[in-house]
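Worksheet for the structure shown next.
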Amino acid sequence: MIVILKPQVEQERIAQLMASIERQGVAIHYSQGTQETILGLVGDTTHVDEDWLRASDIVADVRRVSEPYKLANRRFHPEDSHIDVAGKKIGEGNFAVIAGPCSVESEEQLLEVAAAVKRSGATCLRGGAFKPRTSPYSFQGLENRGLELLREARRVTGLPIVTEIMSETQLDDFADVDLIQVGARNMQNFRLLKELGRSRKPVLLKRGLSSTIEELLMSAEYILAGGNDNVILCERGIRTFEKMIRNNLDISAVPVIKAKSHLPVIVDPSHAAGIAWMVEPLSRTAIAAGADGLMIEVHNDPKRALCDGAQSLNPEQFDGLMAGVKRRVAFEEKKLL
Amino acid sequence: MIVILKPQVEQERIAQLMASIERQGVAIHYSQGTQETILGLVGDTTHVDEDWLRASDIVADVRRVSEPYKLANRRFHPEDSHIDVAGKKIGEGNFAVIAGPCSVESEEQLLEVAAAVKRSGATCLRGGAFKPRTSPYSFQGLENRGLELLREARRVTGLPIVTEIMSETQLDDFADVDLIQVGARNMQNFRLLKELGRSRKPVLLKRGLSSTIEELLMSAEYILAGGNDNVILCERGIRTFEKMIRNNLDISAVPVIKAKSHLPVIVDPSHAAGIAWMVEPLSRTAIAAGADGLMIEVHNDPKRALCDGAQSLNPEQFDGLMAGVKRRVAFEEKKLL
Amino acid sequence: MIVILKPQVEQERIAQLMASIERQGVAIHYSQGTQETILGLVGDTTHVDEDWLRASDIVADVRRVSEPYKLANRRFHPEDSHIDVAGKKIGEGNFAVIAGPCSVESEEQLLEVAAAVKRSGATCLRGGAFKPRTSPYSFQGLENRGLELLREARRVTGLPIVTEIMSETQLDDFADVDLIQVGARNMQNFRLLKELGRSRKPVLLKRGLSSTIEELLMSAEYILAGGNDNVILCERGIRTFEKMIRNNLDISAVPVIKAKSHLPVIVDPSHAAGIAWMVEPLSRTAIAAGADGLMIEVHNDPKRALCDGAQSLNPEQFDGLMAGVKRRVAFEEKKLL
Amino acid sequence: MIVILKPQVEQERIAQLMASIERQGVAIHYSQGTQETILGLVGDTTHVDEDWLRASDIVADVRRVSEPYKLANRRFHPEDSHIDVAGKKIGEGNFAVIAGPCSVESEEQLLEVAAAVKRSGATCLRGGAFKPRTSPYSFQGLENRGLELLREARRVTGLPIVTEIMSETQLDDFADVDLIQVGARNMQNFRLLKELGRSRKPVLLKRGLSSTIEELLMSAEYILAGGNDNVILCERGIRTFEKMIRNNLDISAVPVIKAKSHLPVIVDPSHAAGIAWMVEPLSRTAIAAGADGLMIEVHNDPKRALCDGAQSLNPEQFDGLMAGVKRRVAFEEKKLL
């Protein structure tokens, strides 16, 4: 970390600042230039607060040389991680397709979709039991009954289940969920992240709508810092000025995250596009970008879906998508789980 | 709500769609044009899901004529609301200044700041006991000890206290907080919003970093729909491409919210700017825009603040700010609480 | 086009509005609903101004059913277009790679790069003679000398040349440029677009940094409306809040433009990423998304480049990139030109 | 300017880099730390290209301590500038109101609006003769006939005239325009900026829709560097994700520009809001923020305006606005010109 001081500061003030920095267990390399005085902080600066340094009236700027995340950082963990979800190892060349309806709506609907996505080669079954909806008047999910139906669908198909948690108070109810999803709106729900860090459950952490890549990695760091290594990241589109699509899939996030972190990254083209016909082309780009998996909404009757029907594929469309996914995953020399 | 159908759809398909809409308790005015067929939905369409309609393959577009929020809507509540915070009525021409440190750090710090802001004319004391920090390695607040110190500061100064809640599990601990703040990152923590709706505590709801104004009003609607009318909204800057400031204060949000809703709106220039010297000019614009109050960070020693020091005013700066605030609030013919 | 009127408007006012619309050669289908009155405009509404309609105090909203572009619209031209650049037909399954330095710097530099990219299989040579630089103090290009060197490089290698125009006053000087580039900052330089419409030169139109896809298509429409059909579109990244990359490559723009328009679309990963190592992964996503080509910066000595060196590949890196491009273009069943 | 080198670089490579920097007339202060080697560039670094430095594979990062603009920089010109527009000095406590129609449409329209805005106290008359329209099918302005009508309106009312230039080829035709406007879409039309730098005409430079404040100042620097000191900046809203308004007025741009530059800044609330009722509240915030003027669209019959009618005030509304502007400008201890 480099601290650039303002010009013409009294030596006494500089000495005071250096003393408070050193009290945080960090050594300082002092460099007096013609224009600027620069303090180079040496050692583990993860705990040194940039805001605190910037607040000093003798500091002109602060610049991190090393990233503020450590456990999520590829620098300290050069090999790819894989995350074990009910025996399926996602990452490290193993590609996962998580598919299912936006919301669990009924036994019939879920079992029909689950059987269909299994038949087409999906790795895991997704389905929302608790739904984060913008409007209090929209369908909020079947809640605990939805969790039961997911368990039943798992029993019938053998597919591991993925579903979204809304609060740390639900952790007991989610104890046998195979992969717990943290939604985009909860990416910085730090209470929830801390409790997930205390558990050992695999977590699928979705990027917030306007979160930076660094913020996503810092939220992963919360879970890792609690002792839970089982984190998969998910890019699902960012909010921009464009009106023709719902969100802009940030495809460069995939190679950037891969360069910065060892954690697996999957892509959710359904939420990014917001419209069914875009799911297939965006899936192609995700595979080409190096993603470790896809998360796809499938509904047996999208026109009657209680949520996000516009972006859901029907089982036939999903089957067509999977044919292409298989060819492309093989082209990238990865293995479809 | 207007549903525009695609051209050349079979009458039978249209009849099916109309039947499913009518089952939701809404009447339909059918209009067959040369180019398009249009369904005008008549009645309370708040519960009709746009996504569900868009998913139909015979629907070209859906357009809401009425807003999706009802209780927060000025149309159904033309008079300004005021919210009673420990006897101080915010809104309806009464202007509030909420001031205090970003974080509660120690008894000495808090009492010193509280006495100073009271002396300068603040309405309420703010201070974070639980801090939502991007990094798990940053200072996370004094937690329950921070709440105790806030109560003590209230006892000493008589100022109502404002502090941020992180989870619905904390509601009991926050029972005697005068105004419970929901932070930007939790604006769409729907579990928390629902529980706040069940309480009757005044809530200060901050806008998310890239939330639309409509989403902010929908989050307020969650609280109102639970039966809790005591909601104050807070504009605190949005995330854009600009690098010279931390966030872009969205000043037009103030008149837009005032036009759409009856709820009071305050502005937080400290978080928007991210730098102390910008707080005063942005405060001027907030008052001119018609805001019902300001939320200002004040620290007795900003250079040593454990959080957000760069944007904190010291007590002398705050006193100078308040002199201008008083003149400007009077110019707008409002009353400083 | 659908015009939704406000409730309870006097019939006389409505009749006046309808008369002024009809004077523009458009018929109206009038529909009186319970809540709203709706005017359906029938015929060619391309020339009807939405702003003008919205300005009426009896109009609640205006909604286009048909797009405001006609000549660029796939609806009226369902087949893919291909654009002939010095005998090479770009589009319709023919994939082009345009490569070369950001700026033409010297004869030696340009000839060396030109020979290298030709050897690796590039379709066209790019090189800036006139450079749009943010700073007046940065290198502005070799100007007319740069054009001469490009002609020489074409003579030596046989590669068609692509270079950026800055003003319509340069059209004569650009008469023998094979593909004239309009840069992102000039995407809405309407004088320039109109003059390019009067010429018959192939134009490479780059998307502005925060232009919507519709605005890009409207700028293409300016050229097409002048009678020049030879337009290739280029996605080159949009400006967002993210700090780890220079621009966010909007990969969904490729399938969206392909759905809306018949014009070829190429992708510039060099400017999007702003950093050399990202060029290869982004190129992979562009091919997978269905782009008709790539535009890649190559410099014989990136470290000494006078402009945008950070994102330039050296000839060896470009050769490696092209090996992958060839395999991937073949996988997509396209032909590399 | 500070150049941070990567760790463990060979001394020979460093020496080469330092030599090429020194060849650009800049001295270097070399500092060898434990973690990093830092080069402090001393002297006038305005001409040193950051991109060129970043391209070096031994450079980790580059950080400007001084701004890349010099003539626009308040550091080298601490006093406010005022710009003389036909004898009216804008800036330095003198507040200007530029008002008139979006487009000049007819003699009758322009003279009626000009008389009205003069009567209400406007400083200058605006009116577009050449219109930058997104669609080639929209009204493009009366062109040279529009310029004639503006001259006539000036003759009749005595108001200086402000109108937008589209290309440097029009400079002769604009020779007697009192204040030449460069529109948002042309903010980085560098050919035009350079030619305006060669003239001595006052220029009103509008900020691009997603231009940073630094880019706006760099575009001003182009004009100043040509020898033309007469530049007024204009904030007119930036493009964000918000849908309720057309653009987000970036109110913090006013104090930021005032801190960084000595040039006058005016605000265009009409284009920012895109809707007439928002013009008044946004004008209030502009005055409070410290702007040196306002630019307001006024039309004698907004409902029939050929462009941007939705945001135009009629003469009575403008008169009401001006009553408030006068009181507020006086409150800020400025003088309305």
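Here the chain labels run A, B, C and D in written order, and each chain numbers its own residues starting at 1.
The rule we apply is simple: a residue touches a chain if its C-beta (ideal position, glycine included) is under 8 Å from a C-beta of that chain, and two chains touch if they have at least 3 such contacts.
Quantities reported herein were computed from a predicted structural model and do not represent experimental measurements.
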item: Common touching chains of chain D and chain C; value: A, B
item: Which of B-C and B-D has more C-beta pairs touching across its chains; value: B-D
item: Chain whose average C-alpha position is farthest from chain C's own; value: B
item: Rounded Å distance between chain B and chain C, as computed from the means of their C-alpha atoms; value: 40
item: Whole-Å gap between the CA centroids of chain B and chain D; value: 32
item: Touching two or more other chains - residue numbers and ranges from chain C; value: 210, 239-241
item: List of chain B residues in touch with chain C within their complex; value: 2, 4, 27, 29, 31, 33-36, 38, 40, 42, 60-61, 63, 65, 210, 239-241
item: Residues of chain B that touch chain A when the two form their complex; value: 20, 46-47, 49, 51-52, 54-57, 68-69, 132-139, 166-169, 185-186, 188-192, 194, 209-210, 215, 218, 221-222, 225-226, 239, 302-310, 312
item: Sites on chain C touched by chain A in the complex; value: 210, 212-214, 238, 240-245, 248-252, 254-256, 259-260, 272-273, 277-278, 281-282, 284-285, 287-290, 328, 331
